[in-house]
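Shared between the two complexes below is subunit A, which pairs with subunit B and subunit C, respectively.
The block that comes next holds the complex of A and B.
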């Protein structure tokens, strides 16, 4: 060290030191950044592996060992992470029984397991991704009036004019939209789960989708100024009430009118 | 023992049973109190109506069992009015039933025909009146009166003209012409085939010229639903297959039964349902009716793309859209 320090005032000392320092910074940075990239890749492949294990145990009996689909279940290649997050995250998949429609229920998997499954299915082929909070800015970017117009043209025929859900054919039904997470609504729009068709981003733009979500959220808290809403399903409950309670009351009054006083 | 049955005699009316209030002063007092209570309740109802109109805020919501969260203002207005009106009626009926005279009176029907003397008197009076008015002599008045009475009848006949004019060929025409672009509803954006994924739908309307106006009458005939299937899913005649484009098929949304908007599309079964009477149309088979009261498939719109790659109509609808009508040619 003593011998080295002797050259500290040498005229080449500063440039050499500079070159050395630059070299050290460069190599350290490249090694460090390579290692982070590798660890991300590693975490991703670990999630894919974990997802694949869950898939093989819980899903492959119907959807096939490679998610290629079977007689009773569709192929999952290309359905994307959003579809998995919607179907498994809301408990619709795995199905409890082979009835006409997968019902919403308590999810069978934890959020982490759903995420791993989504990563695995998304790794099979590109498909719609899970919309994050940076996309679901409906409170800021949605327009309730526009959302109502879109809802009435595109959604109301199945989900009812107030988003309460409605009947389809052969026991299938469009579920209520009250209390459904904005993320789930968005995922359903872009993936078209079960009977529901897909609403592509060019047909209903992402901004318009946010407007629809904002309208649904407004409909949830809409007070019923006219009295009992009766489920907001229209003539069925209203007719039932008037035919039983209303007519019953009138018949009772008619009987009382015609009874002789004692 | 004889098996003959004696002739039944007319039993007459059952004996009249008087009410408790007719004989018992206590019962009479009780009935009186009941009627007064009902009228009193009616007054309370009116006061409730007035008080709630003035003092209950419009946006106050209260929880009511069964009804759930209910607007207190509307609820008490309705209850007040109902109590005030119903109790007047109940009180009046109860009064009549328990306290008003309870004598049964029999009144025989009189003959419909008037006595001969009255009939003669009437004819004489009518003739005398006609003579006095001079209808026979004053023919100018008689004729002008006849003219005015005759013309009065024309006014309501003229108003019948407002039932027309007849629609003529209007019911068979829509805004779709050769090359009309399909635009989103709402949004009015033209659509490229690549905008629709397999399984996707789009509610569309024809793009109108700047000088044309989008009216409800137009939308009622022009509304179209686009659906994208896999091409191999179609079971169409070669002619109808040529009306589709890359798996995209277009149908009129107006039900051929009663004209409701048919837009409930089940992606898995590929059925289109009408929400009004559950008519079900099978999309891959050119909207063939497979259930319900609809008599015809939904009219299919022939589509293709223009030079810019946007979806356009090949030609107008080849049959009238919507429900049957008297003059319908097909």
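The block that comes next holds the complex of A and C.
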């Protein structure tokens, strides 16, 4: 080592060492970082694979082996993770009955399986992503009154003034919005499930979407201020009540009043 | 005489010397009215009207009938900062800031629904018992007028808050006005002071709702009651009851107490409903703007039949000479209601024309003894029920897992097919009931006691009816059909052949009946 130490004070020693050190750091970093990326890629492809397996078993008979769609089901290429999360996460897919529209029911897959399916479908082509908590800040950023105005303009025509749902043609219907998760409302807005149109961010901005969600959530917990709400469906139940309970009670009393005292 | 009686006597004397009221009161306070629960349906309508006047006056103290645009700054947060009309804002103010305001609004609205329901129930009682016959035809027409005005008054009333639902109703009214050929669009511009919605209609309908129509109501109701007073009340048939007497109790004290008490019961039940059941929650509907609409928009029930008719109309339009005629609105919105209400108003005259019965009637018919009329009533009710069902087709669809299209097609055919079926079934039922009456009169009531004869035969003992019961079941008259000879005394064919043929046929149908038992029948079965 004497020979090496001899060059210790060589005038090129410092620059060379610097270059060497830089090289080592760079190599270590690149090796280390490459291995993380590798593992992320690995996990992602594993999820895609898992999602694909689930897809092949549960969905492909209608949507096609490569999600390209078929005679009875649309292509899923480009529908995005949000769409999968909404349709499968709320139990609408797989459909139990294809006659009218997909019904909300107990989900057939666990949350992990839904996530895997979403990753798989998202990997086919870019599409709307699942809105995370960092987007769904409706409690902080939403404006209830503005949301109500937007709701009445864009949503009430199908979902009724209080979000109770309403009838569409041929037995289709807009479901009630009471008890629907904010994430699901947001996903429905950006993906337009069933008969619902897509409300893109250009038509209703993300901030406005949050306002709508805030209004729906407020309507959900709003106490019935005037007494029993009667379903919040308008005058039909009111008319029914006056003819049954109202006039019924009064006729009963009239019969009693006209009965001869014995 | 105690000192209290003395004071009362001197007060009464003081009043009588100046007004001469004693003789009038003596006569009228002892006026006799017959007793039956169905005679109290009209009372329910009258008392609801009084409740409407009282609660409506309360509401008018704070309601601002103006379409001036305001920015809502009130207590209801979900509408905070929203632009709306002063009418809507003041209704929110009444609902949330005025003490008892929401209760009063709900009392007013429930009383309105009850008012209309009681009118219809009263009308059905009058129709099915034949109480509209001479001399009460005018009162029947006044009643039909009150029903019609009630529909209009109710519609204008729930339009006043200027919420999303009521504005939708006004928009449909505008469409119906516009459907009138030629004059429609001009009338619409006249009514709204320009293009819809404008800023004129709330102040205008306010005046009509709180001044004009209540005034007409008061006048018509007064005449309605004065005629009841003057013509005396009808009564159900029974022993001792004739066309020339009234069997019942005097006004004072029995009906003073009954009717007075019943008013408070009606008020109490209306207030109870208003306290426990929400009606027209306008804060949920939001303010009206023509660009918005809610799924399941419905009118109040008394307009529902009209909505149902419009909803089932097929889309038919004609274009001629630069005009569009929207038959799909014109027929269900104006022509059919016009025929219905004209027919209803003229019914007493139609019936007396085809039965040829021009005499006074103060004894009511048991509905089974007028099968044709009862069947016609059932037919009309079926018609209205089909339209009502279709008026709520979207609510029915979602709540009973049906489709709007199924209900619409059911209604389109049902409106034509079901009423005649109801007519036939009801008529048969009436005739069967007449037959049952006949059997009971002739053979008595099955007593449930079995008797074994010496021969071993078992027979059930029948208890004969009392004379009073038999009277009630057989007192009605059975008139022959009209005889309209086709030639007059000189052998010349009478004019109006078709009309007379029609009249004869309808008359024959009207008198179709099971012959009621008479004393000969009774004699014949004696010893059987």
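Assume the second predicted complex is superposed on the first by the 245 of 262 C-alpha atoms of A that agree within 3 Å, B and C clash if a C-alpha of one lies under 4 Å from a C-alpha of the other, contacts with A are read in each partner's own complex, and residues count from 1 in each chain.
Simple rule for what comes next: a residue touches a chain if its C-beta (ideal position, glycine included) is under 8 Å from a C-beta of that chain, and two chains touch if they have at least 3 such contacts.
As the structure is a prediction and not an experimental result, all values here were calculated from the model.
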Exercise. Mind checking the superposed model to see whether subunit B and subunit C fit together on subunit A or clash?
Key: clash
Practice problem: Using the superposition on chain A described above, determine whether A:251 touches subunit B (first), subunit C (second), both, or neither. | Solution: second
Quiz prompt | subunit B versus subunit C as contact partner of A:78, first or second or both or neither | solution = neither
Practice problem: Could you look at A:215 and tell me whether it touches subunit B, subunit C, both or neither (first, second, both, neither)? | Solution: second
Quiz item: Is A:232 touching the first partner subunit B, the second partner subunit C, both, or neither of them?
Solution: second
Quiz item: Does the superposition put A:162 against subunit B (first), subunit C (second), both, or neither?
Solution: second
Quiz item: For A:195, is the partner it touches subunit B (first), subunit C (second), both, or none of the two (neither)?
Solution: first
Practice problem: Have a look at where A:173 lands relative to subunit B and subunit C in the superposition and call it first, second, both or neither. | Solution: second
Quiz item: Once the shared chain is lined up, is A:243 touching subunit B (first), subunit C (second), both, or neither of them?
Solution: second
Exercise. Look at A:144 in the shared chain and tell me whether it touches subunit B only, subunit C only, both, or neither; answer first, second, both or neither.
Key: second
Quiz prompt | Comparing the two partners subunit B and subunit C, which touches a greater set of residues in subunit A | solution = C
Exercise. Identify the overlap between the subunit B-contacting and the subunit C-contacting residues of subunit A.
Key: 146, 149, 153, 157-158, 166, 168-169, 224-229, 257, 260
Quiz item: Within the complex, which stretch of subunit A touches subunit C?
Solution: 144-146, 148-149, 152-153, 156-162, 164-171, 173-174, 215, 218-219, 222, 224-230, 232-243, 245-247, 249-251, 253-255, 257-258, 260
Practice problem: Enumerate the contact residues on subunit A facing subunit B in the complex. | Solution: 146, 149-150, 153-154, 157-158, 166, 168-169, 172, 192, 194-200, 202-205, 208, 223-229, 256-257, 260-262
Self-check item: subunit A partner contacts - residues on subunit C that touch it in the complex
Solution: 35-41, 44, 77-82, 95-96, 102, 106, 110, 113-114, 117-118, 121, 164-165, 258, 261-262, 265-266, 269-270, 273-281, 283-286, 291-302, 304, 392-395, 397-398, 401-406
Exercise. Could you pull out which subunit B residues touch subunit A in their complex?
Key: 19-21, 59, 61, 67-71, 74-75, 78, 93, 97-98, 184-187, 189, 191-192, 194-203, 227, 261, 263-269, 271, 273, 275, 278, 280, 291
